[in-house]
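My questions all concern the structure below.
A, B, C, D, E and F label the chains in the order they appear, each numbered from 1.
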Amino acid sequence: MDRFAVVKVSGAVFDLQNRGGEMVRRVADQLRGASEEGWRVAAVAGGGSVARLYIRAARELGASEAALDQLGILITRANAELLIAALGGVAYPSVPQTLEELLAASASNRSIIVMGGLQPGQSTNAVAALAAESLGAALLVNATDVDGVYTDDPRKNPSAKRLESVGVEELTQLLSGSEHKAGTYELLDHVSLRILERSRIPTVVTSYEGILAAIRGEKVGTRIMY
Amino acid sequence: MDRFAVVKVSGAVFDLQNRGGEMVRRVADQLRGASEEGWRVAAVAGGGSVARLYIRAARELGASEAALDQLGILITRANAELLIAALGGVAYPSVPQTLEELLAASASNRSIIVMGGLQPGQSTNAVAALAAESLGAALLVNATDVDGVYTDDPRKNPSAKRLESVGVEELTQLLSGSEHKAGTYELLDHVSLRILERSRIPTVVTSYEGILAAIRGEKVGTRIMY
Amino acid sequence: MDRFAVVKVSGAVFDLQNRGGEMVRRVADQLRGASEEGWRVAAVAGGGSVARLYIRAARELGASEAALDQLGILITRANAELLIAALGGVAYPSVPQTLEELLAASASNRSIIVMGGLQPGQSTNAVAALAAESLGAALLVNATDVDGVYTDDPRKNPSAKRLESVGVEELTQLLSGSEHKAGTYELLDHVSLRILERSRIPTVVTSYEGILAAIRGEKVGTRIMY
Amino acid sequence: MDRFAVVKVSGAVFDLQNRGGEMVRRVADQLRGASEEGWRVAAVAGGGSVARLYIRAARELGASEAALDQLGILITRANAELLIAALGGVAYPSVPQTLEELLAASASNRSIIVMGGLQPGQSTNAVAALAAESLGAALLVNATDVDGVYTDDPRKNPSAKRLESVGVEELTQLLSGSEHKAGTYELLDHVSLRILERSRIPTVVTSYEGILAAIRGEKVGTRIMY
Amino acid sequence: MDRFAVVKVSGAVFDLQNRGGEMVRRVADQLRGASEEGWRVAAVAGGGSVARLYIRAARELGASEAALDQLGILITRANAELLIAALGGVAYPSVPQTLEELLAASASNRSIIVMGGLQPGQSTNAVAALAAESLGAALLVNATDVDGVYTDDPRKNPSAKRLESVGVEELTQLLSGSEHKAGTYELLDHVSLRILERSRIPTVVTSYEGILAAIRGEKVGTRIMY
Amino acid sequence: MDRFAVVKVSGAVFDLQNRGGEMVRRVADQLRGASEEGWRVAAVAGGGSVARLYIRAARELGASEAALDQLGILITRANAELLIAALGGVAYPSVPQTLEELLAASASNRSIIVMGGLQPGQSTNAVAALAAESLGAALLVNATDVDGVYTDDPRKNPSAKRLESVGVEELTQLLSGSEHKAGTYELLDHVSLRILERSRIPTVVTSYEGILAAIRGEKVGTRIMY
């Protein structure tokens, strides 16, 4: 059977205003690399700044939180299409919109599948964890805009230290202050952690420059321990 | 605009082996009553013992946790069909399978809509909370097999006391021991509570005999405070 | 082109209350065996006792016969998911819900496809026959809870004798007392027989222990002659 | 609740080569009449000569019987679109492709719904019977190209006599010679009769000139007795 | 039957970076106004600057023109969701993704429907024209970022003069220089004009401040003559 | 990556009344030939005389132009099914109904995909051009009922001369008199030409006897130059 790695790609990679498609191409290159080394990959694109732009406007206009999530999901799918464009023929050519469609895509002849969010009330981190469960993935790489898990938010606290590994319960404590509103930041939300925990999915948190290294098993980022 | 109440109907109502459709009919009578008093209702059926039967067998056979959720969802949809049968022509005649389909059904001429689960990784409690958000519901009734929230699990601790109201954070503490595996018991899971909290949805936890009373605003069960 | 065997798997295999997943695993082992011997397989799961439990309750609650069929179909799909779980990576990972979805799955890289019922008014036996037509199957195995066709219902008439082969018209006579209500017992219904007949599909009726033997062309059960 | 009449419209009505849309308009006028008299109507269009043209060509080209059915279904849907065009704004504007879509359409604000076939292995007569079950219809009108049930096929046997009423079992005997191949003629097939029987649906067989009279309860055609 | 106005809402209205949801709200107010005056409205949201941002990035990454269109369509649907949020309960709660879904929505009890693009190779102007045909709309308002059709592009040629009315052929000449690449500017493309022409749909081109005035039949913008 | 040829198959090939499936088989043989020579093929079936029959009747009955297109699309899908039947196991077994479904089919293990029309307002020529874009096709063959592009309509002007090649702008001029109404004749419509132009898709116009020759690069028909 195929060996799958699931990669959550930070919404920050899709910062089109400031960086165009430059970072998307770099992520695509790493995924193509993994594919050439025998992996199949399911990537899950995050929302990023455009998602937040829409969510902010819609909140002002009176949308429900569920509708805000739905709007964010549309943008993650647009981001997924960008990644598919950058991957070319090695990618499954459309964006699965349910776990069932992901499974159908996994039975095709394309080695990389790219999706966005699925349903309101579920972060793209949770989607990545569910995808890993569904595909029986060997590895989940959470590729974010910092290079691992720190003892505190490194953007707010410059003396925070990066951890080489972290227990899932310790991580839950560390991140417990995070919010549930659509469009807010949190490295890994509670649900995602519970899914990782229930299926003990081998997980590495790293930067989007470290994806291929993490898939190769090199020592990058922070490993979650169960 | 229509005034919606969302009702989460405990899986225990669908205990066909021991009770046949008897309790389903009693729940249907209450929902029909609410409809006659001017409410529109979106009901979400839980899984109950048949769901647990399937989940146990599938887990032994090696299914992933996501696949177990999928299986549970199928059974909640069968339960939803039972409730539709008991409601007759006042019910929307099919079971929405996504929030979008729920919204489409809400634009029809039927006053009651019944659904089950939606996607792996989301309990039917979470579905009920998302439905309440999406519909801008005035009220969420969590109709379960105990008559409210207790200071401890009343099935294990007979000296537990029922609360008239409980703060959402206090409730989070109370229920924090609950599990995330498919088919396990938990009154209200973390995600559901976070969704209720983010949208401050007026919520009452009561028994499935108390649904109509709760919708009428009578003093039953436990009210969640924000 | 691929050589397909279609296997109707008796609902009796999914007797979870009494047997758990034990018989499901045994059926899965035989299908996997056929796959290893070069066959592609489309399995159709029957409803069994859980289907009958739901149908009985829904009939009491006033559901239409079409709604009862729909409910039975949901349970056959849950049964199909169990068989997929037991098959693991060799199975197409989701349950086709139309003949078109079956055909799409047949163009994937998975050797075994599992489905349940499709539409009200059509037994799972009829679905198996239509699947055999659509896939141009070389063989249809009707794996049921008796080891072949008898001169009379063997459960009611202990002196009934098993037939090695039976003409399709003779079989029609033999089974002509059977009912059309959802959830009733009948070895092979009239429609199924007419579909088998119109396409002259090579068919063996055998027990669910005899599936692999029947696919191998060994002499088990009863062969239908045209 | 709405009072539904289901009308099976003979494929002969859609004889475009010889009659253009003339008969379609006459059927539409009658359905509109029924709607003005307070009925809701679900019409099911048959296949007719164009369906037979396609089925014959496809059979020569080697299509499976299931594929032939699929082709016939496409043409019945084209016929359904013609009827919708002739009905204008009183008709539900698209053609339901499953019973579930029919039910959704029944919860809309349009009084007439038009569909064609649903799935291979099911005649449009069977679809009409299932629709009648699903909608809890008060009446099924089988509007065909003869003016009722005769003691024998009136096209072959000019001395055949029209019956005022006929028992469902007697009718089964009368029609028992009919075929199951896609595109062959048969007034009412076995499955349709079994569905009518299991739900005891009040049914009148009449010509497509007699639809409105039949709905009004006037004495036309042949009534099926249970 | 319902009287429908179709309104193409310029992508420029969704300029979230610079204006937030301010213009969206103003458009929503006008559509709600039309609804209160007895109209049903189908609005079609354009793409605007975010669509162009994505299209530019995807083109650099090597996407096909069809994929660029697909990406633009996703953004128009996000824009449509914003307009739905601003409209609240008067709007159909989800975004139709095909003309068939639009027709289904038109049979609901909501007076305003909002959609975005449908398929690659079709501008949102063409979608608006097709929607007008499908719904038998009494009027199409093309609400853009200029206040009508000018003798030349008013942004490039300040001496261009606004026309009170223009023949469809003259308009074709005027706009004949426009491009077919995804994301390029053109007031009305060739296909849209041909659809308007074939169905002679009464059309007014005006600014997004003039929508309600145009629906009321006041003298704003430019009227297309056939 | 796979090398794709897209083939638009003239509706004239599906002239069942006069020719049965004879020409369909000849087209199928050529596509199978191309497949055996290493090509993957996406064929798009046109409407032909049956489409025109339905469109004429529906127009008389008062259908909108969009509804006429929809009707034509149904018939093109029936034609596509005929071609699939003639191709047998080498064909993807169902007809994609959107570009997304085409892309999914392109990730299957079947070498030939057959589709019909997609959406109102888009000719099957435009669909073929979009399919070529989406698949990154190496070649588009427009197989029609004349053997190439002539200096004038060869059916009306017998002195018209066939061109070996023609520039896309010259071709636009040549064909500029063509109509946009559903069911009218036009070799290549304006939109199709604009899509071919924007993506510079290598295109040959030839007769349906010349398909394989054109795919092989032999000198047949008329080549479009950019």
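Going forward, a contact is a pair of C-beta atoms (placed from the backbone, for glycine too) under 8 Å apart; a residue touches a chain by one contact, two chains touch by 3 or more.
All values reported here derive from a predicted model rather than from experimental measurement.
**Q** Listed by label, which chains are in contact with chain D and with chain E?
**A** B, F
**Q** In terms of CA centroid distance, which chain is the most far removed from chain E?
**A** It is C whose centre lies farthest from that of chain E.
**Q** In whole angstrom, what separates the CA-based centres of chain A and chain B?
**A** 30
**Q** As a quick test, compute the distance in whole Å between the mean CA positions of chain B and chain D.
**A** Roughly 41 Å separates the two chain centres.
**Q** Two or more other chains touching the same residue: where does that happen in chain A?
**A** If we look for residues of chain A contacting two or more partner chains, we find 67, 70, 88, 104, 108-109, 134, 136.
**Q** Specify the contact topology among the chains shown, as one of line, ring, star, complete or other.
**A** other
**Q** For this structure, enumerate the chain pairs that meet the touch criterion.
**A** Once each pair is checked, the touching ones are A-B, A-C, A-E, A-F, B-C, B-D, B-E, C-D, C-F, D-E, D-F, E-F.
**Q** Could you pull out which chain F residues touch chain E in their complex?
**A** 64-67, 70, 98-99, 118-122, 126, 129-130, 133-134, 136, 180-181, 190-191, 194-195, 197-199
**Q** Would you pull the chain E residues touching chain D in the complex into a rising list?
**A** Answer in residue numbers: 1-2, 100, 103-104, 106-109, 134, 136.
**Q** Under the definition above, what is the set of chain C residues touching chain B in their complex?
**A** The contact residues of chain C facing chain B are 16-17, 20-21, 24-25, 28, 50, 53-54, 56-58, 60-63, 67, 70-71, 74-75, 77-78, 81-82, 84-86, 88.
**Q** Considering only the defined contacts, which chain C positions touch chain A in the complex?
**A** Residue positions touching the partner: 88-89, 92-94, 104-105, 108-110.
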